[in-house]
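Here come two complexes built around chain A, the first alongside chain B, the second alongside chain C.
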Partner chain A sequence: MLAIRWLCAAALIAALCAALRRFAHGSGRTSRARVVLARYASHPSAVIALVALIVLYVVSAFSPWLATHDPIEILAQALANHPPSRELLFGTDFAGRDVFSRVLYGTRISLSVALLATSISVVLGTAYGATAGFIGGTLDTVMMRLVDAFLSIPRIVLLIAIGTLWAPLSITSLILILGLTAWFGTSRLVRAEVLSLKEREMVAAARALGARDLAIVRRHLLPNVLSPVIVAATLGVAGVIVNEAALSFLGIGIPDPTPSLGNIIHDGTPYLATAWWVALFPGIVLVITALACNLAGDGLRDAMDPRQVDR
Partner chain B sequence: MTLLSVRDLTKHFPITGGVMRRVIGAVRAVDGISFDVAQGETLGLVGESGCGKTTAGRAILRLIEPTSGEIFFDGTDVRALAKEPLRKLRRKMQIVFQDPFSSLNPRMTVGASVREGLTIHKLAEGSAADARVRQLLEEVGLRAEHATRYPHEFSGGQRQRVGIARALAVEPKFIVCDEPVSALDVSVQAQVINLLQDLQRAHGLAYLFIAHDLSVVEHIADRVAVMYLGRIVELARADELYAMPLMPYTQALLSAIPVPDPDAKRERIVLRGDVPSPANPPSGCPFHPRCQHPQKDAACSAIVPPLELKEPNHWAACIKQLPTRISWEEQQSAGATRPPERIVPVRATA
Partner chain C sequence: MRRLLAGRLLQGLAVLWVVATLTFVLLHIAPGDPYSYQGDRRVAPEVVAHWRHVYCLDRPLAAQYACYLGSLARGDLGFSISQSRPVREILVDYVPRTLELMSLGLILSFAVGIALGVLEARHRGTFADWGSRGIALFFYSMPDFWLALMLALVFAYWLPIFPISGIENVIAAPTYSGWQRLADHLRHLVLPVTALVLMTCAAIARFQRAAMLDVIRLEFVVAARAKGVSESAITRHHVLRNALLPIITLAGLMLPMLLGGAVLVELVFSWPGMGFITAMAVGSRDYALVTSSVLVTSALVVAGTIAADLLYALADPRVRAK
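For the complex of A and B:
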């Protein structure tokens, strides 16, 4: 049964990749998206990273379907710290819970938290940076000095401080906190892009046509800052996943017994010498996820480089 | 009939310095220029890079806020307009840019770019707007099906046509052409200039045609204004200016136009030195440090020459070219040693 489920997932991924390739190498004139895709496809590491991300995403989306056990159910006291076997693929943790199922669900929660938190930070950072860059002057100075102030505090220290102040955190508030502390870099990036874009003649042309400020930002500036923002967001997901894991590892992230990559590792560390499997498998997944996000982000950055595309 | 009237237009960019960002000086990009443009007329505005011609064009449209001066367009005081009425007036005055790469949004199809003005001024919607976009693209020599393509799929000349179609969409009466052909190949330049002339005839457009290439302007302009260091130094009908340039600067510019005849006898006036900085312009006549007029003397560095009528409809700013309002006595009291004398070089012709 399990083998069939995995096969289905693999077939889905293969179909997706084929569709992507067909789109990238499709006939007819070259659209910008095609150029970007074709250039992305020429980076082997980025393609592998993208495939890994899709696999991770699909697998975690189907985790109720793929899991072999209930992730929070204690199978039996006697099964605590059981080594991996045919039945218990990744073994069990100190409480006798199936690590394989916990890793599946944990990946799902970690990815969801990271995606939602990154969405918040991207929207906030883009709006903030675009406002500062477009209006400029004193407002810009004040807004950017504020960002500098926030950036000067190490993010993990900020997170620990907030996390301990409002412990225990619900998943929603964890997403909010992670999102609200991740947008400073994005806002700087967007501001810099907007500063250079607003001097372009296309903005003067829109103004000469009688376009309102908001329309100029929406139609001419934001679509053109999209590529660097997408890249930053991809890299941001990796950062958020690691931060969330760090918080959960420190015991102030996702509350037990809900699994996340961080707190499974947290549960396994005291038994590292005897039950290495509890921390190792979620650790591997965490490393793969973070690495894949970073590699995909780098690939996107190269593929979307405006110096190679625009002219 | 006068459509656009510009009086004493100035644009000074402040230079700030020090910790407190104090204003310590100003770049006099445009330093008091005046001219009229009649309905359906082309006024050429020529000068070297950095002489303020682009700033002048943008200040007229208030894309750059002028420092002082008056701009009257079709009887409306443009400088007095608030944001909203200005937005409405912009339908009547458009601009075509020099750089066909940065003037189009790479993320918008050319159809969407051309359509933008229609939407902003609610001129057409839905399928009527589609039809208008197709008609505009065909009018500028592109094909209707080009509407769905992106700017990077076009050549420089084609993009410039898109820029012209975008300006034309809102049915303007006046277009500032800001070096519209400077970035194009010579063969494409002629096509775009012919297109601009055809459109002018069809729609009764008035142009302010900014260029640094006198031979381009000679072809398209009815009248020509020559700018130097933010000022207009000569203004005359095109044929007259080319036949009898009175300002020594114009004479030097005209002598630099290549003549397609290797045997042509020509006397080239080579200007020495660079254009002085507009942040620190020379005293008196801005051109005097580089001037080749044989009667140049101390008075030139003391008296700011007024733009005065030298011939019917021919203005020039030079106190050494006769006739001049600045009397010989006045010049002598400013240190003049050489009396004014009309000097006009013979222009080589092919």
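For the complex of A and C:
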């Protein structure tokens, strides 16, 4: 029964990949998305990364149907710290919970938290950077000095401080603080882009036609900063997922018994010498996720850079 | 040069003022105050009232802020409830250990990163270039704490080559002679420093490779090649010398990442540094200690950035002349 569900998931993944492939290489109207995707497809490492992300996404989205056990159910006291076997693929943790199912559910939680937090940080960073860059002058100086100050604090130290002050954090507040501390880099990037874009002729032309500031920002500036922002967001997901894991590893992230990749590693750390599998497998998933995001971000950067010559 | 230094110092102070204001705001909007949580311990209300009074928590907000900045300016970072001593004393004990780990990690990761970047640029497009970049990105993507855990698992548990935690062999150290003690200490440094180097050298190599490729395109390199200068001499004398400059700026930018990584690496290897003590303070909700670590790490980063800027000015006559 479970095998059939996994086959269905594999079929879904294959169908998604095939659809993307057909879209990239197919004939028909040439859109920007198609051009970007076709260029993206010429980087083998980026394609592998995208497939890995699709696999992670599908498997974690359907984790309730794909898990072999209940992730928080204690199977049996005698099954604590059981090594990996045919029945228990990734073994069990100190409480006798199935690590494989916990990793599946944990990936889902970690990915959702990272995606939501990154959305918050991208919106905030874009709004902040666009405001500073477009208005300029003293306001710009003050806003950017603030960002400099925030960037001088190692992110994880700031997160630890906030996590300690407000412990215990709910998942909502965790998403909020991860998003609220991840936008500094994006805002700098957007500001730099807006500064150069607002000197272009199209902005002068729009102004001559009587366009208002807000319309210029919306119609001319924001669409043009979209590419670097998308790249920054893709790379940002990798950073946020690792920071969430670090917080959960310290015991101030996702509260037990809800699994997240970080707190499964947290549970496995005291038993590292004897039950290495508990800390190993969620870490491998973390590395794959972060590596895939980094590779996909690099691929997107190359694919969306208009200065690159079309092949 | 002196004006540059003065300007950068002022900017640094402004950054620290913003960070101090941020920690003040965080402390103010957090539930409770630094002395309200006592965990399992019972502290006499007079003692709590005493600390509240010392740190002006019984006064209006503006006075609290002035008082907070004033005590920071005097170097008073508050009183740690979990260690029952002033935060400054704790930091004096623990920060040097972090600096030791950081400086070794910084030097080695730059040595490794620059060497990798030069080799990749020299052999660009080959399998070695591709492989080296892939492996570096792999380590770069690894969560620092997990990398540290896996190093401990492989090189301390499975192959017991290196010690798992601490700064020296607590039991045997008193019997060691000076050199034996140093060797023992170095053995304890290997795993934490390796973790720091592995996670940061990818970014440095990538930057160095890009900087090399920028210089390789320039005309004086073509001219040198036309004169018949050997490829390795070109790499060493013409390209590397010019491509090293931007790397100095990167040193300043890498500091937050390296310090953040050090926090978790120290925790995994029980290295008694600032990160370790901060992580320990989480469980006991030691407000004063965690917010001080925000201030101190950002001060270290600011100091590092200023040092990098000065180094850049020293190395590049074009900047000095301005």
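Keep this in mind: the second predicted complex is superposed on the first by the 306 of 311 C-alpha atoms of A that agree within 3 Å, B and C clash if a C-alpha of one lies under 4 Å from a C-alpha of the other, contacts with A are read in each partner's own complex, and residues count from 1 in each chain.
The definition used in the following text is that a contact is a pair of C-beta atoms (placed from the backbone, for glycine too) under 8 Å apart; a residue touches a chain by one contact, two chains touch by 3 or more.
Worth saying up front: this structure is predicted, and the values here are computed from it rather than measured.
By the touch criterion defined above, A:Arg212 lies against chain B but remains apart from chain C after alignment on the C-alpha atoms of chain A.
With both structures placed on the common chain, the touch criterion links A:Ala232 to neither chain B nor chain C. In the superposed model, A:Leu174 lies in contact with neither chain B nor chain C. Of the two partners chain B and chain C, it is C that touches the larger number of chain A residues. When the two complexes are overlaid on their common chain A, residue A:Leu291 makes contact with chain C while staying clear of chain B. By the touch criterion defined above, A:Met202 lies against chain B but remains apart from chain C after alignment on the C-alpha atoms of chain A.
In the superposition on chain A, contact is made by A:Gly163 with chain C only, not with chain B. Residue contacts after overlaying the shared chain place A:Leu53 against neither chain B nor chain C. Touched by chain B in one complex and by chain C in the other is not one residue of chain A. Taken in their complex, chain A has these residues touching chain C: 45, 145-146, 148-158, 160-167, 238, 242, 245-246, 249-252, 265, 269, 272-273, 276, 279-280, 283, 286-287, 290-291, 293-295. Interface residues of chain A, counted against chain B in their complex, comprise 29-32, 200-202, 204-212, 215, 219-220, 223-224, 226, 309-311. Against chain A, in their complex, chain C makes its touches with residues 14-16, 18-19, 22-23, 26-27, 30-31, 134, 137-138, 140-146, 149-150, 152-153, 157, 256-257, 259-260, 263-264, 267-268, 278-279, 281-283, 285-287, 290-291, 293-294, 297-298, 301-302, 305. The residues of chain B lying in touch with chain A in their complex are 58, 61, 63, 87-88, 90-91, 93-95, 97-99, 101-108, 116-117, 120-121, 149-150, 152-153, 163, 166-167, 170.
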